[in-house]
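Chain naming follows the written order as A, B, C and D, and within any one chain the residues start at number 1.
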């Protein structure tokens, strides 16, 4: 059971103390405090665990300071959409809104290589009005003898360049908790010229220790990619690990499943799960068309498969697109063959805009029709 | 190697005889004649098998009556898109065009049950300008003790009702060659009030004997569904079985793959393969959102997952949509839970139209951009 | 519910008529007769369908001629192991016993090619005391342009050679019901020198029309291979199709599942399901190590993977082994690379014998221990 | 390329210095030293990376102190079996030998719960001559609200009890590098009464940061479980991560793959890969029948599926068995339903012994036959 407090009530308020006192007299009930500190207001929630079946929901809703009470199902306690659950989805970070109702594009380099390439990329993004990017400093690679990313060495200049070109959020994969410290240190050292969304990749979706550590910090939001050999339910439970430790500012990322049934694509594109994740949880949903498709193959209509699957994700309501670009794919150290070219960026953005516009029309139509059919 | 003859050249022409004589003098070459009889013209092709590497393409192109020569790769000899292959895609059937460039919706009953339900369905289709439908008379079921469809008994009244409501093409699954005879007989008996597209389901994708028999007839076009446990390449080879026997009027159907990685959907939706099939072959591509999704679950935006995946297929260029409706899903004998309601038909069609319109815009944009980027 | 009659009771007996009369007075109950005609006795069973919950089991067991009554669960009505179900497993065919308690090896050619190869194979089998073989005349192939088997043309000489070398049962795949007629005709023409076990391959596991037709004949037993993209439950339901039409003389064949998770083997070996199939049904279980493994790779201990997985199936109680040999694998028209050599036959048989002996010891140990632990 | 030095040559020897000097004059060649310190001798190897194609193998073999030179393929540089690679497999740890030629059983508790249960388990193991066990202190769980193991708190008393009952090696999963420190500290505090084999579970197979850290220590050997959603090749590359950091004392564990094709087993049993791993690498191979099967279902022959799949792994040459027991499965905090009972231990061990004996016979037969067939 979740008690959502009125916006003005904090853990210092008299109502809060009174409510906690009331709860402490209910038998076999433990409480846990959860706060979402937004730009405009702080949302305070009290999670009740234990014999909640015996509690009187109406009585609790009548306590001072309580806005409403949500009975939750067992799964996805914090992130789930529970019955009659009108809590907002999403969050603000460094001036960018992430929610189930809008769309952000993160075009960028799969792996940071040279300052020249990073600068070319960022300059082009700025020219086309983009304020988000992806930049991989830590690269988990199947083969131990492959290039593993420049790591912390590249962070300062990447962050400085990001600041120079007005980037507000960089999605950056981390694979160990020490990377979190390194990113925090580099940001501080460079005067926080940009923000970072910590990305946890498909190989670490069930690296629960990493999830717990990342979940304990509140500074950075998290992009959690779906695990490629597990069910959707298991991946959503992994997101709940983050939330259960305190950080619910999570975007959930679809990136295709690993099976030869998806050939000739690199992975089996799973963007039909966009509406499913939005139904089961309150997380915004990201799609990663580059890693899903893995090639630059083109349909007879002239459109790359990467464009097609992006449009598929977006027309079904995806909220974030993570996509690989590179100024010189043939020189890219990781995943060059799937990267789009810088001169393709305006086309890509316009293609995305067409799909998003179609989604908006579909949503308006749905509103009208559900009213008409009295759903 | 394929020799495509000029439109006026038939197997009775002098040019044809002269060309065959020329070919008979090439060592280790067998020929095979293939004719596509369209409404406006007949396309005659000669397939050359054997030691084609030794042939002089330019010399053959200079023979009288030859329009052009295509060197083919080993796979998908007839259906494939070969290098420099400008042959048209698709075909006309009973006044309806099926091609890689347009879109037809086949809404209808998964399984024929009563004449009342069939009539309700068809009347509604006519009211919304539809001339195609799906109607299952032969139903392959996992459990031998489940309802197996009304079979040939229902064919006459289904065809008559179709004719009454202006239906031009019914997609109808067959699971044995005797069903082909039964359909032909029922159509003749009722005076051919409608047309039939023979549907071969996912359990029979590699039922090669059925494919050969269906491939040998030219009367009905075929909708071949992808096999659910095999690679895309294997399913496309199954289509080639049909073509190799003479019938290349084939639509290829995506219907999801069977794996729990697709949960909570009934199957793992595979519509990211729409552009892939169009690139590898010249077949129009159908999507089956109902069997892929298998439920009536709805996203928080009010749209059913069935609508979302349909839009995903269509915005990537799908050419046909096979979708289950039922006037009273709770009374449906097969797959009721996934059926849409008759009153949802206009919404569904409008939702599809939005996605198709977005696809058309994307295609125009692609034309403009590929010119600009000189691709 | 199944009523098992006493051995002497047939459909002509007075007890039978009396029992049917009794049953005809129970409301909402349909009956269906099923007879297993063995060499020593005929087993007559009456299947009751409908409102069987209302029936009094004890009362029926007291009717004259009734041996016992088994309440069945919904799944696998005929083939399943139901609660308190002591019906025998298996059957005799042409002097060979097939049951859940013994083991038969079917070594032979994947595809019949020349009479010389067939004769070499059969002679070697006879030299090593074998009376069963596999011989493929009809070969379903992924690519329509590949060799499809010699079909009916080879049947007479294959059967005659089999008779010459004392072969009692040939496992032979069929892919269409016409093949059944061709086999019957060739056997009659040649004077029935041998027997045939009809094999239904993995691509036709859910070709229900073929299953129904094969299930309606009683002459030949059937080896049904598991479908490679469906669950075990779905494949067992396919076996039930055969049984529901009258033929319960079925061996169920495991042959690996199609997924790249099984690499570098051709298929993902599924022989851990041997005990599962024996628990869920009364069918003997066959393993096909050749198609599962698909190569002649060898472990550092000198044993081929084909030998290892065979031993794995046998030590867990497999009842039949289908294995590819060829006198000259490099000349084989189908699947040469996985074939064992004729000179390897004695080694293979001895290796199988070691595994079977181990299984027998394990079974004896289990009997002793279950008594001791009072399980 | 790997240069294997003669046993008496160490990095302090004159021959060594001379060789390194020789190598330093070869252009574009980097060297890396790798030492295996065994009980009887130290094996020193020099890995050459870079332009090794230009090196003269015979010339290097003639350098003083060189025993032999192995040209390696790109994959699995350290762990792989390369052409003409006669290096030994396996290692000794705390008096127990782990190799591709012997077998160790690790029966024990999936998760440590109470000292009473641990002591009951260990006492029973000692009574049956066992010196290895499994004991889970850190439990990665799908749901964040499930029991996560007692962690470091239980280590001291678990180690002391292990020492009391003569256990030499405990397999214990770790999920973060801090666990390694905790284990080392607890062992030191308690006077090293036992040894620990660090287990890395299927969710962390590609947690490369953990692999690198574990690979950098030489104190404990490692049991690396196969990842459940990746190919075998990818999992073997993960093992190479450990080796590339210095620790090649690795056992590779098969534990089933996650797909519903394995139903009704919890995972799809993959023990057919036992000979494959032994062919591709020099690692001993472990099987985990408990997590693969996940139930206590029993075949009609009285044998549990867990016993059957264990026998399947062992008869194909498995070198280690990790199996769950529990004195009171109904009280187990994790995976109780799959645990064997303490009173079943002697039966289990005898069943394993029968399978191992069969394997030994098969190996002897293979030696005899390969000689006979001159393979």
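Keep in mind that, in the parts below, contacts are C-beta pairs under 8 Å (C-beta built on N, C-alpha and C of every residue); 3 or more make two chains touch, one makes a residue touch a chain.
Quick caveat: nothing in here was measured; it's all calculated off a predicted structure.
K.L.:
So if I look at the partners of chain A and the partners of chain B, which chains show up in both lists?
P.N.:
Output, common partners of chain A and chain B: C, D.
K.L.:
Specify the chain most distant from chain C by Cα centroid.
P.N.:
A
K.L.:
Once you find the CA centre of chain A and the CA centre of chain D, what distance in Å lies between them?
P.N.:
37
K.L.:
Centroid of chain A to centroid of chain C, CA atoms only: how many Å?
P.N.:
One centre to the other, that is 52 Å.
K.L.:
Identify all positions of chain A at which a residue touches two or more other chains, and write them in rising order.
P.N.:
Residue numbers touching two or more other chains: 257, 259-261.
K.L.:
Which of the residues in chain C come into contact with chain D in the complex?
P.N.:
Within the complex, chain C touches chain D at residues 81, 100, 231-233, 257, 259-265, 268-276, 278-279, 292-293, 297-303, 305, 307-309, 311-313, 315-317, 343-344, 347, 350-351, 354-355, 357-358, 361-363, 365-367, 369-370, 373, 375.
K.L.:
Residues of chain B touching chain D in their complex?
P.N.:
Contacts found on chain B: 259-261.
K.L.:
Residues of chain D touching chain A in their complex?
P.N.:
It comes out as residues 74-75, 77, 140-145, 148, 175-176, 178, 203-204, 206-210, 227-230, 234, 237-238, 240-241, 244, 257-258.
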